[in-house]
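Every chain is named by a letter (A, B, C and D) in the order it is written, and numbering of its residues begins at 1.
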Amino acid sequence: MSLTRPSGKVYDVTDFLDDHPGGSKIILKYAGKDATAEYEPIHPPDAIKTHLPPEKHLGSVDPETVQKVKIEVTDAEKERLERVANRPPLSEVLNLHDFEAIARVVMPEKAWAYYSSAADDEITNRENHAAYHRIWWRPRILRDVTHVDWSTKILGHPSKLPLYITATALGKLGHPDGELNLTRAAAKHGVIQMIPTLSSCSFDELVDAAEPGQVQFLQLYVNKDREISKKFVQHAEKRGIKALFITVDAPQLGRREKDMRQKFEAEDPAEVTGNKQQDKVDRSQGAARAISSFIDPGLDWKDIPWFQSITKMPLILKGVQCWEDALQAYDLGLAGVVLSNHGGRQLDFSRSGIEILVEVTRELKARRGLTFPNEKFQLFVDGGVRRANDVLKAVALGATAVGVGRPFLYAFSSYGFEGVDHALQILHDEFEMNMRLLGARTLEEVKPEMVDASSLQSHIVAVPGDRLYDSNYESMQHARLREVKAKI
Amino acid sequence: MSLTRPSGKVYDVTDFLDDHPGGSKIILKYAGKDATAEYEPIHPPDAIKTHLPPEKHLGSVDPETVQKVKIEVTDAEKERLERVANRPPLSEVLNLHDFEAIARVVMPEKAWAYYSSAADDEITNRENHAAYHRIWWRPRILRDVTHVDWSTKILGHPSKLPLYITATALGKLGHPDGELNLTRAAAKHGVIQMIPTLSSCSFDELVDAAEPGQVQFLQLYVNKDREISKKFVQHAEKRGIKALFITVDAPQLGRREKDMRQKFEAEDPAEVTGNKQQDKVDRSQGAARAISSFIDPGLDWKDIPWFQSITKMPLILKGVQCWEDALQAYDLGLAGVVLSNHGGRQLDFSRSGIEILVEVTRELKARRGLTFPNEKFQLFVDGGVRRANDVLKAVALGATAVGVGRPFLYAFSSYGFEGVDHALQILHDEFEMNMRLLGARTLEEVKPEMVDASSLQSHIVAVPGDRLYDSNYESMQHARLREVKAKI
Amino acid sequence: MSLTRPSGKVYDVTDFLDDHPGGSKIILKYAGKDATAEYEPIHPPDAIKTHLPPEKHLGSVDPETVQKVKIEVTDAEKERLERVANRPPLSEVLNLHDFEAIARVVMPEKAWAYYSSAADDEITNRENHAAYHRIWWRPRILRDVTHVDWSTKILGHPSKLPLYITATALGKLGHPDGELNLTRAAAKHGVIQMIPTLSSCSFDELVDAAEPGQVQFLQLYVNKDREISKKFVQHAEKRGIKALFITVDAPQLGRREKDMRQKFEAEDPAEVTGNKQQDKVDRSQGAARAISSFIDPGLDWKDIPWFQSITKMPLILKGVQCWEDALQAYDLGLAGVVLSNHGGRQLDFSRSGIEILVEVTRELKARRGLTFPNEKFQLFVDGGVRRANDVLKAVALGATAVGVGRPFLYAFSSYGFEGVDHALQILHDEFEMNMRLLGARTLEEVKPEMVDASSLQSHIVAVPGDRLYDSNYESMQHARLREVKAKI
Amino acid sequence: MSLTRPSGKVYDVTDFLDDHPGGSKIILKYAGKDATAEYEPIHPPDAIKTHLPPEKHLGSVDPETVQKVKIEVTDAEKERLERVANRPPLSEVLNLHDFEAIARVVMPEKAWAYYSSAADDEITNRENHAAYHRIWWRPRILRDVTHVDWSTKILGHPSKLPLYITATALGKLGHPDGELNLTRAAAKHGVIQMIPTLSSCSFDELVDAAEPGQVQFLQLYVNKDREISKKFVQHAEKRGIKALFITVDAPQLGRREKDMRQKFEAEDPAEVTGNKQQDKVDRSQGAARAISSFIDPGLDWKDIPWFQSITKMPLILKGVQCWEDALQAYDLGLAGVVLSNHGGRQLDFSRSGIEILVEVTRELKARRGLTFPNEKFQLFVDGGVRRANDVLKAVALGATAVGVGRPFLYAFSSYGFEGVDHALQILHDEFEMNMRLLGARTLEEVKPEMVDASSLQSHIVAVPGDRLYDSNYESMQHARLREVKAKI
């Protein structure tokens, strides 16, 4: 059985049918046809190379001669396209929330589900944002803030903002240019992009697109086949990547039910009557699991020296969630850790990075005498950030920088490169404002004593409401306008 | 007056009219007719034997000759049946919440009311779930979690999951096979079922249905007539029951107003104008009280040695709610306690089992040097559990296992055996995921230091809202799509 | 100018026009007519005697000959009467909340506003109930609770329940029999009624209605003219009143805006264009202020010995709100205090009685060695109670009994005497249930260690919500029923 | 290019086009026409003098001969005017919330947006009010409160209330008389008005309107050109201003998105397709930034001695937000500080003034032995106050007086002078009531021990809700009315 995929290449996928993480059914649907449009956004760019031995690459055909899968434009899709056409001009987008509001209505449902979904009941996903609301400012006055500067250094590399664009998968779900939108905006604004293992664009494409001197980091999901990881890492180092962020919070990708449910809704209704037991597994995977079967759940502290042996790039663990593991990373000579719960997409009821930051700085000070921010062992947090105000709280508490992910996805899903560009410009405006109002001329002046984080560890749930009492209570009313007189 | 009941048996119920816990009126309604359909789900299977002396058993009739009570199918019932027919396929059921959502719309109203109802304002009922939300994880990374194992031993018996199917009454309200659905699914998944005293299926039916070697426990409501209890317990032991859970939180079954209200709504409207004083008591009972008048409010610590004298089964108290009573159970040589408030169905404002667990482990360590989980004195909790994530928190805090009740009722009420089967499969999936994300390969590695339970004891109620201020506040708005141009 | 009032008596009110607390306009409206229907509910029964010198009492007329004020039955009133006719039978009323729900729809709007209104933003009014939600039970098990007894003694007098019917004004607003409904139900159930100074029924009527041996207390608003108060108190003592509760939290009656707003809505729309400055004061008073101008804001601790000199009744201060004042009451030899904020009708942001109870017992133990409940110095609380569960928390924390007000008003406003009777029966049922479930056979066994009140002092307000973030969050959805197939 | 502005003056604005903070486009729109109606409310009265050199003042024209910009009355505006006509009579306005409710519907949208808007997500804006809800009263009883007196002295000047009318900009947006409404009401009620730098009425107009002996303060935004500030301050001192409040929390005016969004909505839809980059800055400014470009972000503690050298008026810093800066102000010999976050309009997540007050009094007592209220170093708070109840909490905690801003804006925007007059009268009523209920005869008797502020520092956010669980929970229902029988 043959399948035509990107660039008019034809492949023999007969033997692969049973191994396809997304199940065989979807492949059979496109047999003998050009599956490029469906294939591209949800497959890592090197998927074919990795999974199909060379002898199955049958060669090229003239794309014009292949039968395209006819995409029927549904009414829902027509309405979506009308919403796309009616996006507000970027000048009306005032904050990062706005991009999300627009992306929600202009993105294809499936893409929105993949980007926005999180683990289980999505408690941690929302807690990531909420945690910042338990930190309050103690700003200082009467300092000459004519000139304020919110640039910094991240792992020794200059950054115009104390944040980086963190790794997120499947950029083409949101925009045909995928992660390239981020690369270009990062260049323009002097910020660092972390290239994801699971990008829609290929790694080399993203490196090629960088401006001379533009700094890029790499996020790594470690493959069960370590040789693949080794090749990837050493290739990255050769191409000039400046740091390697090893993801440690995802031995298996989380159950993200919005994403999983999306699958069902996209199904042909006729199919759902089939033998549920047999096809249950592939059906319930969602995009996340479909693309992640190679990740090694066996990754262990014992692997760290091996990583240190294959690359000279600074190594950072992404997904540390308690001081004990941060301490171990430090003791092993790593360059830093990202305090992160993977955007709430892995273990629900994981605490927010900003909350973990407080315990990490406290314990590493008590046990190793470290103070933060610290050049030799850098702390990063990600998750839930929407405003410069949030970022500055992390900085005040000792973070070197903050990773921002979804907001930039929503920015390019709504407006492509211009969206990310505008998002970064908004952040600049917010930083200028907030630095002045804090009385801090540089990030060094953003100090722990400038925040009151004493409520940060409170995980409060209100006692369940007394519905009978509440429904009896008659809400107070304001004075009311008099009735408008009837017109004669 | 004669009444035909299950299996075409005919009974003389004339003398019993005044003693019927559900009032005489309902019996008179069915006089001379076959009352099986109405009778079965809400009566314990041995009710007739217990309440009617042998001379009132008049013998059998040919069911075909008896006048059936004509059940008129209402419009509401027709709509319900249509909903039943439109249940989503099980493959779309992603979590235990889903079963409840489906059960709510496909179950008969009265059955839903009985299962879902709880005491007074149902504060404790919801607190049981909410309490888990005040416990947050401190997961560990970089441990080889290729192989994770969440099996355990409960009172010495192997269980594939650290949970058991706890006792719940009146299974036939939800499904014609009643508790048999649970017995079968328990067998398939290697978990333990606790047989309830108030099952719709008879005790022997449930034991007979067990696979060879399948472990079952028994929950006991102690009868005012101790001889009846003694016979029941000794019969159970003989039939191979492995442990006896004596319910101690229900000297009287709670006021469950949803259940009670259901009665009124089911009433013939003409009746409500009758003499309210006279028939008030029976009307307001609901299913719970109708079936529970035999329970002895006189049960006392003094009875414990007697139980120890009549059976060799390990004895566990179900419904302990403070450390003092847990300690006393330990000192009396019992095998364990279930920290439980009866699913919120007894005393409102009782604390959740998971909250009590923390004080019990602390005090039993301080006073008797015990650590938990402990083979010799096992702690169980139940109430509010919906995810493996919840169960693991209880394990981390020292519980041997967790009892799960309503979710399985909702599963079989929606899909029969397949529902419970699927529910258990979901839990397996969730356990695998969560164990890996916690960095715990076995339940022994799920440690207290993995959770932050410092907010668990907070019973917070927000200050009542300022309605005038709040209604003046104009909510912020996102950037909006431009108006869609009118079509020409 | 003459006015015909109750019992066909005619009065000359010309000189009184300017002194009328409700303004002159309302009197002029009824000049020469029979104003009984409007007059009765909102005037204390001895108002005429107090305010009009004997020479203004012109004598009697034949009621038939006087022009009745024609009451036009509005559409809204017709709808209300239809709702009254459709009240559910009492057997369907399961709890005290139900009475309130029914009263809200069957009471005249003005009466509902007067009963339900509270001070300022009604924060304290709702906090009174909410505070009970911060107290959780630690029930005990395996105590023989076959016989449970929730009777007690209040100031030496037996009470079948640990609660009394507290004083509330203007009973006839809700029902033509006014406070007599309470007197009769109190008699039937063996509870004590506290007669209010501002009752709609006269004091003597209420005493006359008592059964032989029925215990009644008296609530006193102290008159600027102490002689009037003295006469009233000594008359009460002579009539057999057993205790005097002096209200100390109301030197001036609170601004209750629902009540005040009601006035405007009842106004003739034509009037609102008048000179606002001039008639502002009387218009904005509401019922509360209209009836309370005699209360003395000058009442002082110095007056206590005088009260002790004029009566031998035990004296209790009603409205104490901190331990300092409770201590002073004790040191002055009073019989007790009611920890109360007047049902939230006086000073907003006053704390609930149950919260104050904890500090009072703590400080009076520390400073005077007292333990509670204490026969010699009794503590009462009122406000917010809706269930026996609430009452028992107060008892556990040291209260002798709890005052219940609005629930009984709503009960008789909905169903007259039968309503109050049924309300008390519900409470009996709840007490029996709760005592058993607590493992307490008598009120003495309801101990402080049975509650966890550690969150009671928390006055938490959640951080204002992030509206942009929240409106972006897409709520999770359950599995959905499949579409119902179209009928052929 | 010429422009006709107020009073028929004509100006040459050609060279100024590019410097106009609001962009050139808006000026071009009015070229050659009379722009008075649009110009007046949003420009400080001395704007022309400040920005245009004398030679550009071309002289006067006869207003009648100039082309007026034709204001088209939209349907929305017609509806608004109808709402204005239907305002309730002032006698129905019972509290300050009511003014806001009315202003919201009767004010032009743009004006409402400017007054009500706040920084970022407006968290601090609402927290300012919410913080008062975490402070609860411990009132005292049995004190003779026949006479209560809530007058005080502010910086040595008598005030009939412990509050002042704080500085707010652009009064003419709400009412043609602008801040004159405040001056007149302040005179009538014996309270002090703080004149804002950015008033719509000119400074001299407001001083001229004062009654003899009426005390006024001045709020100062410090100009980059210190000479302008010096002239202004010395002129103010000469005109009798009694104190100078230097704003220190606004080196740059905050991003207030409601205000910014208003701009877009007011835009000609045709314009939004233009080059967004180029005109982005001016478009997104909103009223706040348009009027504030002169403010000096370089203001520093070093400037304080200079202020002390140019005026003998007492100097107060407005916008202090931590004890450290309050201490420094004290050490520099200033007369006091206003603990304020600028009504939530500057740095979001700034704490409320009332919360800061607690730390300031604690630390200044610990470090300098000061007690509060203190004549020599006075503490003020502003933000979020709506009731006398709120004000008294600030007084209890050590504030000399409280600044009230928006409520008075809403009062005059709804009813002009009479609105402010009525608002102050309401406050008097509330003060009388609350003082009596607190048992405080004078403000000196309003003591710290009268409040429980122990929850004030809690910045709690509830754990995000479990949407699946919550949507499964079936809310409890009350007893329901029986169906109304069909009419025959």
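Note that a residue touches a chain if its C-beta (ideal position, glycine included) is under 8 Å from a C-beta of that chain, and two chains touch if they have at least 3 such contacts.
All of these numbers come straight from a predicted model, not from anything done at the bench.
Under half of the residue numbers at the chain A-chain B interface are used by both copies of the sequence. When the CA atoms of chain B are superposed on those of chain C, the rotation angle is 90 degrees to the nearest 5.
Averaged C-alpha coordinates put the centre of chain C at 41 Å from the centre of chain D.
Contacts with at least two other chains are made by residues 88, 92, 94-95, 97-98, 101, 121-123, 126, 133-134, 257, 261, 272, 458-463, 466-469, 471-472, 476, 478-479, 482 of chain C. Residue ranges on chain C touching chain D, taken from their complex, read 82-83, 86-88, 92-94, 97-98, 101-102, 105, 120-121, 123, 248-249, 251-252, 254-255, 257, 260-261, 264, 272-273, 276, 279-280, 283-284, 296-304, 317, 319-322, 324-325, 346-351, 457-464, 466-469, 475-476, 478.
The touching residues of chain D, when paired with chain C in their complex, are 88-92, 94-95, 121-123, 125-127, 130-131, 133-146, 387, 389, 393, 429-430, 432-434, 436-438, 452, 454-455, 458-462, 467-468, 471-472, 478-484.
Taken in their complex, chain B has these residues touching chain D: 95, 97-98, 100-101, 104, 116, 121-122, 126, 129, 133-134, 257-258, 261, 269, 272, 386, 460, 462-463, 466, 468-469, 471-474, 476-477, 479, 482.
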